[in-house]
Each structure stands twice: as structure tokens, then as C-alpha cells.
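The following pair of complexes shares a single chain, subunit A, combined with subunit B in the former and subunit C in the latter.
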Partner chain A sequence: MINEEQKDLLKEYMNVFVGKAASLLSEMANQRVLLHVPEVEILSMEDGNDWELPTDRLFKYGHIVSSTMKFGYDFSGRALLIFPASKAKLLVDACLGEFDTRDLQSVCSDLEDTDFDVLKEISNVILNCVIGEFGNMLGVKLEFSLPDVELIFVSEEEQKLYLKNSVHIMIFYTAFTLAETKVDGVIVIALSVNSLNMLISKIDALLGELND
Partner chain B sequence: MKILIADDSAFVRKVLTKTLNTHYENAQIISCVNGQEAYDQFVAQKPDLLITDLLMPVMTGQELIRKLMSDGYKINTIVISADIQSRTKEELDALGIKALLNKPLTSASLNALVDLIRGYEND
Partner chain C sequence: MTSIPIDIFNKLSIGLILVDKKQKIFVWNHWMENKTQLQAESVFGKQFSEVCPKFKELNYKKMIDTVIETGQGRFLSGALHGPFFDYLPSEAALTIQNLQIEQIILEDRELILIQVNDITSQYHTVHQMKSFIKNLEVENEEIRQAESEAREMAIHDELTGLPNRINFINHLKEIVKSQNSRYYNTAVIFLDIDDFKNINDTYGHLVGDTLLKMTAKRLKAAVHSTDFVARLSGDEFTLLLYAISSKDHVTAVANRIMAQFMNPFDINGLKISVTCSFGISMFPFDGTDAVSLLHKADTALYRVKNNKKSGYQFY
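Up next is the complex of A and B:
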């Protein structure tokens, strides 16, 4: 559906957008965020329920903290920020300036309501930044839902289904690690068919300018 | 002048090559897709200038710079990266790079790159 040239440029833009979000997260958590190379996967609608999702590379099964934000209208989809639940408290503590390296050795305590508020704010900032940059690139105004933060247990089987629960066909994902707290996170952006077409038109225009 | 470009994005390599060819007709441009390939090419070609991304598969830009420095090479490095964290900038300052330009590449950042290279030529 997209060629290597288009995929390359989409990944490059994702890299730039996540780089900006990582800078914000770095400021919030007061530590460096190590980025991983982003990936773009196109899922074929024709395959129905047999979409091959790289869920094993996205997050490990078990307890996760998942923040979901929907966005629309012209450019619409779903953005997710996922952390392992066992590390979410470390992230919260880092953002509150209460992180101590000794915490790495201890068993993480349960998340409290105030922790979810912090995680919601982190998600709001990070996902708004990444999605907002897509909007800027396309020159469209986006409407966002508030992030919905959930503590979920995902079994090995459910892990494969977790991201299939939508009609979206294009997925960007990128992983990152907070240097001191060793918190691994994943940003996933799933786009609708129309949004994908809009994005590809823009990418083609950019590639066309280069080849002129 | 020999300029070595290291970036995993074909688009970025193409933009940089086109820009440099436009402004420096006699420049020899060497393009690499990751830090390891750039290291091998640097050792073989001894370029005057290294323009590198940071986040690349196989070997990152930081690893490339450190490896060349530990081998004793004197390198003029311009980093072009989407990583805008202040801590990353501090790390690059410590590595002694000449300049850091942030992605995305715009006409302004490409003009800045051309000016930077012109500055090195005149030194």
C-alpha cells in the first residue's frame, strides 16, 4: 500500500515528532529519554481478523498502564501511550521529583488515584505533542479527547487482540526508555483509512518537491 | 572537499546530498545508512566533514563519534537530529561536535548547514 520511499519519510516524521515529545517527557521526569528507531506497519483490511500485529515488540503481556486518546475530525485515529504497570509508579515519582535510585530495588507499590492523575497529565502532554505535530504537518486542526488511563491485565492471547479493537489500518509505534528509572514506554498511533490517505498525499507532495 | 553523511532515512540523505551538490559542486558526498557503515567509510575515505544523525540502527551517531575519537581521528562533526533534549545537547557538547541542527530539515536549517560548511572552508 505504501512504497519504501513513503515509509522512510513517514518514519522520519515520526522520529521528529517523538523527539519533541521525548524532550517534554525529559523535562517532566528530569532525566534523559533514550529513543528507539520508530516503525510503521500497514495492516491489510482484507485480512480481517488475521492482522499481523507486532504486539510482542510493542509491549509485554501482563499488567500495563494504557492511556488512550482519540483524535479527529479530518485526520482521525487513536493514540496510545503504554507503560508496564510495575514501572508506572517510578515514572510518577520521577515527575513529582520524588524518585530515589533505591526505589529501583524495591517492589513497586500500587498506583493511587493521584498517580493516575499524573499519568493522565503525562499522556496528555506526550500524545498531544505527537498528534499535534501530525496536525501541523497536514495543516489541519485536530480535536482531542481527554486521555483515558487504565490499569489493564493483558494475557498473552489478549495481547495480540489488544490493538485490533479498532478499524484502523496504519500503525506507527516507537519505544523509549527513561535513563534513570529504566521505565520503558511505547507510543502507538493508529490511523483510519481516510487519514492514511491524507497523510500519504502529503508525503507524496513532499517527495515530489524533492524530486523536482 | 569530502563530506560523509550518515542517516538511516533515505529522504534525509537525498535532501542533504541535493543541497550540498547545489552549493558545493566539487564536493564528494559519501552516504551511509548507519553508524557502522559510516565508521567503515570514514576510516577508508578520511572525509573532511561528518554530518550524522543520532538515532540509527546498528550504531548510533554518538557511538560513531566516540569510536572515531577513541581511534584518534580528528573529526569535524555536524549532528542533525530530532532529539532536542537538553541532556542530549550536553552530551554532544562534551563530544566536541561543531554544530547541532534539529530536524525536521527546513530551508532555514539547510541554509544554516551551508553557512556552517562555508565557515569551515574559510578557516
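Up next is the complex of A and C:
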């Protein structure tokens, strides 16, 4: 469905988009954000096969804070931002200027109401940026929902299922780490079949321009 | 704007503001009126930044512009940004709101919907909880400190600061059990100050206590810094000399201890001359348990005392 050349270009774009989002997060949390190499996976629900998702690289099972945002019209899907719950508090504290290096020693997952508000804003800024960049690339106007933030427990068995529910056919993911707080986060973008086709057409056009 | 269901807006239990693309207000619901004491008529046509001064700042202005340009909704957390609207002072010392800014299309017009959610009570509850936790941490630290001091006090003599009887006995028990070669050949010294009762009776307890403190210092000066000096009770002191190479080695230290008592003690100009006596037992030759080693050192001391002359004896 997608060849290596297309995959590489998608990875490159994803890297640039997440890089822009990371710089916004860096401003909010007042620390460096390190980006990992993005991955592109194509998962067909129609096959009914069990997906070989590298879930252990995405997020560890257990309590996670997951923000989900729907986007729509011509290019539609869902974007997710996932943090381990134990580290989400560190991220909030960093944004509120309450970060203390002693906190690194304790695994604190006691998130208060206002902490969820801060996480909602962080997700809003990051996911808007990444999805907005996809819209710009494709030259389409997108409608965005505000993210829903949930603290959920995902068991080892449910780990794949959790993503499956959010995924239509294609998944891009990328991971990043906040340098000082060692907070790892994952951005996952899931697209519908039509949106995937639109994206592949655009990628082909871009590759054509590059090859000309 | 007749089609805008103003009545519905007014029934909402959150703040609702509608502004046009130029950010001019034309809907300000009852909730906003009640909270800010600003009547709708007084804010109509005003720029949003006039009622919410934070939005005069460039980065906030840009947020609304981005919503207009891209259609991307924006959520602003009060916990992160602080208050957006200054309510009347009687309402609360500090009020905090979350804002949700989204684009809507109404009668073919692109408008900006601003929802205001008051989170003052949650915010204050969270802050109270945070300061409560901080206070608990401070108290916990104080308790830990006090426990640590209490532990130290329980095993040290308050007057001289030396390890006390419990500490000494426990230490000696560890030595006899230890496989560490450093403790093999340890001398146990049991010492008391000759006629100390007379010092107390003649000069008073205050002088007696000062003399004991000075004795502790002199004993420590006579031995190696890694050796062990303790105060058992009253004028009784015990010492442990480690890694003894020969009897001569112990004799040399014993003579240094005696030498410490050659010069009189100067207590506030009062010169007091005292002597000491002590008995010495050797681990493992004289015993392999703490009680018998201490007992044998005490027996040797008793023999010195019976001679009515200061000095020392081996068991």
C-alpha cells in the first residue's frame, strides 16, 4: 500500500511537524525536548489480522494520561498524545514552574483537577500544531475538536486494543522526551481510508516534484 | 442577530461570549454579567481585550487570530495563565477561569465563541491541598530530625557527648562477634577518677561536671582517633583500643592516659589535680564475650584501687 520511498518522506514530514510542536512544548515546560525518529505503520482493519504494533515502544501498559482530538472534513482521523501517568505530573509541574528535581525520585501520579486542565492545554497546543501542519501540507481546511483528557489504566492485553479503537487504517507515531524531567510522550495519528489515499496522493506528487 | 437564542445563552451556568472577527463583543450572557458585574449593554461593541486585559498582550491576541485563521480551537488553563477576568473584590481574593475559544459559523458569519468556566473553588482547593502536603512534608522532616536527635541522645552521654553505656556494650558485643581482623586483639580499659566524690563534695557538682567533660577530652587526646571512648556512668569511663600489636603497645597508650592527668585541670581559674586508675582486659585472651571482658577490666581496676595508689593493671 505504501512503499519505502513514500514512507521515508512521510517520516520526514512528521519529523518536521512534531519538531514544531516540540518547540512549543519546550517553551511551555521551559526545557529542551528531544525527538526520536518517527515511525509510520500501516494497519489494515479489513485483514482482521492481529497487528504487530510496537506497543512497548509506544507506551508501557499501566496508567496513562491520554488526550484524544478528532479532526475532520476531507482529511479526518484522530490524534492522540500519550504520557505515562507517573510522569504527567512532572510535565504539569514543569509548565507551572513548580518543577523540583527531587520530584524525579518519586513516582507521583496524583493528578489534581487543575493538572488535567494544564494537560488539556498542552495536548491542545501540540496536537493542533501537528494536525494543522498536515492541513497546510495538503492544502485543506480542517475542523478540530478540543482534546479529551483521560487518566486510564491499560493492561498488557488491552494495550493493542486501546490503539485499535482509535485507528482506522494508518498510524504515524513519534516519541519525544523532555530533557530535564525525563518525561516521555508519544504522538499517534490515525487516519481514515480516504484521508490516507489523499495523503499518499500528495506524497506521490511531492516525490514527483523531487524526481523531476 | 435575532436568530441567536439569547435566552438559552442566559440560562447557561458557564460564561459565554461571542465576538466577531474584529474581536468586538456582541453576546455577553447573564453568567458573565453576574460574575463580572458588567452589564451586557456596557460591553457590547467593545474589544474583547478591554474586558479581558490579558488579551492586549501579543501572544494572547495571536491565539484568537490563530483560531480565526485556522479554525483550530484553543483551550487556556487558568492554572497556567492565572485569572482572565477580575471579579469584584467581594467575590473572592483571586478568581481563576478556564477559557475555551472556538470558531463557529452563524448565519454565514465566522464568529468566535468564548466559553468561560470558573474553576476558582477547584483551584483554591488544589492550592490548599498542595500547601497542606507541603506542610506535612515540613512536619515529616521535623519529626525525622527529632527522631534522629532522639536516637543520638539515646546512645550518647548528654554531659560529655561520648557514647554511653548502652552504646559501649553494643559496640563491644559487635567487636567480639566480628570477623574483622582490625578488632582482633582489642584492649578493654575500665577507668575511674580517684576520689571523684571529694571533688563534688568540695567544689560542687557544677565543677565536678566540668571536670568530667575535660576528662573526656583528655582521654580522647590520649588514644587514636579511631579508638572508642565512652562514659559508663558517674566518673567511670571505658576505652577500646583496636589492633593491638603487643602488650607494650597497650602499656604505651596506658602511660599516655596517665600523662593526661599529670597537669591539673583549670576550671574557671580553679586548679584541681586529680589522678585516675584503670584496669585492662584483652580480647580474645581474657574473654570472648562483652560481659566477661568488661568484668575482667573492672576486676583489674579493683585491684589497683585496693593498692590505694593510682595507676593501671592488666587482668
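Heads up, the rule we're going with is that the second predicted complex is superposed on the first by the 205 of 212 C-alpha atoms of A that agree within 3 Å, B and C clash if a C-alpha of one lies under 4 Å from a C-alpha of the other, contacts with A are read in each partner's own complex, and residues count from 1 in each chain.
The criterion applied here is as follows: a contact is a pair of C-beta atoms (placed from the backbone, for glycine too) under 8 Å apart; a residue touches a chain by one contact, two chains touch by 3 or more.
This structure is a prediction, so every number in the text was calculated from the model and none was measured.
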Clash or fit: subunit B and subunit C on subunit A?
fit
Check whether A:207 is in contact with subunit B, with subunit C, with both or with neither, and answer first, second, both or neither.
first
Thinking of the overlay built on chain A, is A:118 touched by subunit B (first), by subunit C (second), by both, or by neither?
second
Scan A:35 for contacts with subunit B and subunit C and give back first, second, both or neither.
first
Just checking: does A:18 make contact with subunit B only, subunit C only, both, or neither of them? Give me first, second, both or neither.
first
A:9 in the overlay: touching subunit B, subunit C, both, or neither? Say first, second, both or neither.
first
Once both structures are aligned on chain A, how many angstrom separate the closest C-alpha atoms of subunit B and subunit C?
18
In subunit A, both subunit B and subunit C touch residues none
Once bound in the complex, which stretches of subunit C touch subunit A?
70-80, 98, 100, 102, 119, 122-123, 125-126, 129-130
Within their complex, state which residues of subunit A touch subunit B.
4-5, 8-9, 11-13, 15-20, 22-23, 26-27, 31-33, 35-37, 207, 210
Complex contact set, residues of subunit B against subunit A:
8-12, 14-15, 18, 55-57, 81-88, 103-104
Which residues, counting only subunit A, touch subunit C once they are in their complex?
28, 95-96, 112-115, 117-118, 120-121, 124, 128, 132, 135, 141-147
